[in-house]
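Okay, so chain A shows up in both of these, paired with chain B first and chain C after.
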Partner chain A sequence: MSVRGTHIPEHLRLPIAGVTPPPTEKEGQRLFPTGNFRFFRPVYRDKTPPCNHACPTGEQIQKYLDFVKHDRYLDGYLTILEDNPMPSVTGRVCYHPCETACNRAAHDEPIGIRSVERFLGDFGLNLEENPIKKDLPPLNGKTVAIVGSGPGGLACAYHLRRKGYASVIFEALDSAGGMLRAGIPAWHLPEEVLDKEIAKLTGLGGIEIRCGVRVGSDPGGITLDHLRTGYDAVFLALGQDVGRRLDVEGGRSRGVLGALEFLRETGLGRPVKVGRNVLVIGGGNTASDAARSAVRLGGGEATIVSLESEDELLIVPEDLEQAREEGVRFRPQHSLVRVIADGEGNVTGAVLCQARLAKDENGNVRPQISEGTEFEVPCDTILIAIGQVQVLDWLPESFTERGLVKADEYGRVPDDSEAVFAGGDVMRGPSMVVDALGDGKRAARDIDRVLSAQPLEPDGPVEVMPYERLNTAYFRHAPRTPVPLTPAGTRSKSQKVEVTLAYSREEAVAEADRCMSCGVCNGCDNCYIVCPDISVMRDARENGRYSIRTHYCKGCLVCVQECPTGCLEKVPELDFDEPDAVVRMETAFAPYDGAHAEQAPFTRQLIEDAIAEYDRSKTVQPNGRGVTP
Partner chain B sequence: MHHELTVWSRGIIMDKEARDVSTCIATAARKLGYHAENVSDYVDDPDRTNCLVRRYARFADTPILDRFVYENPHPDWVVLVEETIIKAVNFFRGTEDGSGVLVVNSARDPGYLLKFLPDAMTKKLNKLVVVDAVGLAEQRGGSPWMFVRDLSELAFDRMSTEGAVERLAIGMGIAAPLIGALVAATGELPIDEVASVVADRDAMLRGAEQHKVIQYASA
Partner chain C sequence: MTSVHVDHGLTSGAPPRLAPAVRTPDGEKFLNGMAGTRIRQNGCAAAAYAALYANVDVITAYPIRPYTAIMMNLAQFIADGILDAEYIHADGEHSQFSAAFGAGSCGARAYTGSSGVGVTYGYEMYSIISGARIPIQMAIADRTLDPPGDFGSEHTDALCTRDMGWLLGWAATPQEVFDKSLIAYAIGEDPRVLLPQMVVQDGYFVSHIAGEVEMPAIGQVESFLPPYQLPFPLDPRRPVSHGPQIHPEQGPPLQLERARAMEDALGVIREKTDEFAQVFGRKYPHFVESYKLDDAEIAIVISGGHSVTCRAAVDRLRAAGVRIGMARLLWIRPFPTSDLQEALRGVKAVGVVETNLGLGGASYGGILSLDVTTALYQMDGERPLATSFMAGLGGETVPMSEFEWMAGKLGQAVARGRVEKAAHWVGFED
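This part shows the complex of A and B:
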């Protein structure tokens, strides 16, 4: 028999022997604030996913993957633009620290974040109008000078524009883009894409790029003092575009080129001659790019000679694999001893020897050469890719240290004006495009703070979600969607054909769907479904998309246990310092204070009489018998 | 002299601990020659995890007349086996003003806990005793939930066998330091005598030494 909804007369509502009569259904929850059962409270607390944390620009990757998953591409694109102005570029060339950090790697394979980013970036490039343009604030009259139109400079200008600042970018080359144009081959990043991205930035208004102006070194040209006096702040992002020389015998022969210079000339579309038998000295990404470009241009062979062993090569894995497919050869743990040239000074070969990578206590590379292992190889071109530097002699000495611009934790250069910042390769040495983009973003934020007289503050600590705290039972294993590639035979013959191709819409959605949303509520409804107490409400969003009815939640923590993303946490109830919000029950089960648990006077009298009688019976008489009344 | 002890705890997961506190106090009092009653299994035999449960004991040097009342009408000793109960319920119902000794198992600052008591309850408070029983107990398992029991033992309780049989000696785990703190703070029963009926004597003595007391009213 059901008692739900039964009306109980007032006089029967007293708890009888501690058993409370069932309340009416309407009153039930008011009478029993079962939240008092709880000593852990489920709380929605979003953490930082590892991808987001690993990205130097702080892209909210989980957020835009979620948008892509729901076919909301414009929202996804706008999410990227909050942190990164050029997703079409990074979607092609980024070395994706996000994918390296992705928790999904521990599950099956990391998400193809870069490819989804490229999908969104290309989606945005094809929009007729830049969607952020209408929301930009008007210019506030302050202008920032930026040296270098590479990723760092462009990102700084973009983020400054979003805050209302105008900027003037000084570029030494004839076209903007810095290393994006002059360092990254077109088969990685097509020129049209870069042009479009830059046009989108300059189209925002307030960003002026002056090409062909080399700050500092041109006689009678613009100097640092011009920038400091003529502008409200300065951002130095001039990169490192001078290849390091290798000091070996014959190193000046015709046919010995810096790999960077080689990539720059080809990138700018100038005629470059490269032989059919190319040696590339170096073990990093520049060496790989140079070797692959040499194969395309010369139609011959390229061999990468590196001190590093195969496992130590500093080339990103997919590039390494693609290079192998294109016929690039490797000669690891070798060093160039001298260059052999003919009578006219043309390179005809090189002497190599076995060597291995060693570092001194300062971390500088010191090759360890095995004596007596020298041998000759024929070649007609040698590309040197052993690092890069920048000419900084036009800067005050206090600005530089060990060939780099010196800066504090905010990227600020020690200068009296306190408004000179630096970022990118010129500050941190050779690093990724996305590092420079991140530096540009931070510099814009800090320049804004300096110019509006706010204190500079470091980023607060973040809690990064580890794989172990996910409820992985909810994530079926699904392989990563492979990125389409142009066949090696086709791509290795052209400087223009893109190697890595784009995801289709379906592929991008499928890949975004693999995201485990580490530590961030993605509204999966699981807590809402599993709660046995109807205490998870979906109508309001507190921190996640749900709210907990704390007066009734008994703290069974099923929702915490079953939260796939780990955004739900159990927090000790007493951590909530809100004494006024306490709903206190009068007793455990009885809501009323009444005659409960008192001995009735009549009963008490009976007991007292019985005890008195017993006591009397125990009073010992001289005859050994108890008293009888 | 007449004392009523009510132990508040959480159903199933900390139920045995509450029973152990009341049982040990009543047993020790009886051994010392007092009139004593222990109501360790009455009413609140829930098969529900976390729900509030009460265990009662009382002892006096005169016969106890409340023979047919199992729930203490005027508790002056109150033990909270789990700290959050401090904000859950009016555990001082029927307590006389300025006479309630409240023992809480908590690692928190006593002043912080006191904030959660309304005026009507602080009026009845004599002293607040805070003992980190979880920290002082013999460590078993990683969770304060299943602190003294492993899963199989807990499952045994889940079959509603509470009180029917005891799988563990009486006075183990977090019960022991709680008993120690209660006996030391009230001073009514000699510590050594009580310790002789507590299974985990060492933990009980640790609780007797390491607890914080806020004397709230001069009784």
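This part shows the complex of A and C:
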């Protein structure tokens, strides 16, 4: 008989039919270390979602959307607070670069991130206690002077406080908030919301706001030198609150106002006279805000006169649409030639002409007027919204350039102390609230580095996840949840009624559920389910809690193919021969803490085991087999 | 006998015991009522009754004649409440056998079957099931492979799976179908074997012609065939991995184990056949039915239903003075090399009846003679001459006259001291 006399060597004695403990068991498949079949290894490596990347504060948007999706609002709120101290403000007024960048736009419609942020912000605003307060470090004795209590100054003070620094904010106006109060109308951002957000910050302790102090220009008042000598560092975030003047005939008539000044007086609750027939000169968001406020206060009509054509207007689309609904009229590609006034100097009309927007080689606006097209329109108020500046003559000349504060890539002003930083509009010119918030955050980080004698370092390169690398087959199409609005007829009669309303809880959850978590593991379990070899391990459905059984995974990469978010990627096995390569298993998991990166001790141990095993397999077994202890 | 070690690598403890299969009250009543009776039924019904007595847990079906009637009977049992089993109607034979495999892997006694091209359609699963050592049973009622469409019986369908690691044998009567189904389960499920079984019957000649079948008592069956216990079932309470990917050098030891299992089965077949005789009172030869071989000069080697005609032909030829005998193979896998050698010792010429097609093989005839001649070649002492006869193809009968023609050819070979050729096409030669 054929098998008589056969024997199987000890090292090849296998259980019947190769039946072994499954790969899910600790010793599973040790007998069959087929991991060395691999040419490519699946590796979890989170990328940066485009929303995070576009947000100047770097909000971890996919993370808080995930929290909202799971009804974990406090966690979501705390996630925002890591980067942005005032989500109730940005949730109302941010021009949402995140939504503009959102990959979902290529799928159907971008996520309503701002509205979810507002939902979380208002959730946090209604908490009795500020949840971060109990975890703040004690004050370290150092104090930073901040000029301006706008978003940049407040954000800087906030982030400094989280690092243990005290700050004193000098505010020229009688109340804090900067342009949030003096530039943004209350129907965008109600005063009480702003008050609460500021109170939340000052309630942390260590943040003092001194109102009515205009640094530099008050005789006998605070000067830059006071700040430099009296404080450990300085952050200049004084914004641009002076409207650019338009030098035309009749421009000094009664009834001609700067739009910024108009918005400021309105915002501060002072009486402002505005007529029933208002012209607003300018083509940006300030013009839109001013026109809409004028409609509300004067009860009449407002027309936006702009060099820009309809398509060129620099007004964010939803504001433009809302302005139209409220009856604001547009006269694009026109210029103000002169103002007509009566004998007492009151505005009665304006002469306009056709014009086009053009710029010189420095980017300055140079209107191209069509001669002979002048005509007259009646009006009683003219609001000028053609840009803004700041008075900077109290700063050393070396600090300024072309009307702005000069700063290096870290926002640091060329000063011998190396501890004067700047941010926001005064550094970058007219820009978004969220830009200022981001500048404040970065300034706090860098001030801390300077004051603790660490070198300043630029942000590392990030890999932004493009839509094309998602497995979009996994995301069913779902329309964006519309943001509720107050009807135009109601809202245009009041300066106080909010235009944009909040998502309900259900709406916020539904909208958060649309997030595709671009490039960041969201614990969907696909890899775990599709692996034909049971080589994907998990102990919980969360990012960082999956691992690859490298001694058994054959590198078929089905998991990579079927990863909806693209956080799984294939890495050539040879890369793992480089000890310093980017993608060793121990660094391959989520790069930050929290829901998307917590690693259970179990998972960590698995990775360590896998690496140890991998290392052993490289040193023993010359025939290429792995180790089977 | 080599030992199959089943516990190596498994972490700890015994495998979970599955609840013993419970019969329905109606089923028990029905079977108790039949105990000891003899009923006339065809081979398909006999197979179905055997599965009923074996109390199978899972049945997977896909229709193709002539075996369909087995599944028809089983479906009726379930509909009547006589049998409590999962009955899965698959979308084709591959799925059908896969489902039976899955069921068997989980520790269920699984039963399936097919005919003709249905057998070949599911071919992939044969090696997988036997290599995984899952002892399911498959009933085959032979049918000629296409083309063209031919319902008639030919052994080619089952014979071409002969090297896939299944126990394989033909039954010649409905009673033998019934008995062999129970014996095959008992052998295959024995922990020393753990191999799937094909219980084959000739289409129509056996599957559709009635014979008397004795119905046993439940107790007899249960004492002979205990509940199925796979030592390594798929069970979430104690996870194991079946069919892992391995390194090339890990394949040969597993293959050697499979080869050993086949040889180990030889002893278990003897044991179970004897045990069956004790319990049921019907004694079958272990492997080879020797009919009038003692003083035979020439012999026909055959398997399956045509042996009934062959036996009558032997009697008639004997009456005419021809010293002829018959060796009927009850098992083709494992092949009973030594039993066949012993049965044919002293015979001068052997002719294998090939009810099958082995195109382009060594004999340019059929499949079965290749194993037979290899066994004869290994004989000590004087070896008989060997040839084969292509007969009964396409489902034709093999009439008495053809057996007589074969006897003539064998007599010629003895007289000449050599065979004319390795395979004769009966009916096409002078």
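Methods note: the second predicted complex is superposed on the first by the 544 of 629 C-alpha atoms of A that agree within 3 Å, B and C clash if a C-alpha of one lies under 4 Å from a C-alpha of the other, contacts with A are read in each partner's own complex, and residues count from 1 in each chain.
Convention: a residue touches a chain if its C-beta (ideal position, glycine included) is under 8 Å from a C-beta of that chain, and two chains touch if they have at least 3 such contacts.
Please read all numbers here as calculations on a predicted model, not as lab measurements.
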Touched partner set for A:Glu318, first chain B, second chain C, both or neither: neither
Chain B versus chain C as contact partner of A:Arg38, first or second or both or neither: first
Contacts of A:Glu573 with chain B and chain C, given as first, second, both or neither: first
Contacts of A:Asp533 with chain B and chain C, given as first, second, both or neither: second
First (chain B), second (chain C), both or neither touched by A:Gly555: first
Residues on chain A lying within both footprints (that of chain B and that of chain C): 17-19, 34, 37, 554
Chain C to chain A touching residues, read off their complex: 2, 4-11, 131-133, 194, 231-232, 239-247, 249-250, 252-254, 256-257, 259-260, 263, 337
Contacting residues of chain A [partner chain B, same complex]: 17-19, 34, 36-39, 554-556, 572-574, 577, 579, 582, 584-589, 593, 596-599, 603-604, 607-608, 611
Chain A-touching residues of chain B, taken from the complex the two chains share: 8, 10, 42-44, 48-54, 63, 65-73, 82-90, 93-94, 106, 108, 112-113, 115-116, 118
Touching residues on chain A, where the partner in the complex is chain C: 1-3, 6, 8, 12-25, 27-29, 31-34, 37, 533-534, 554, 625
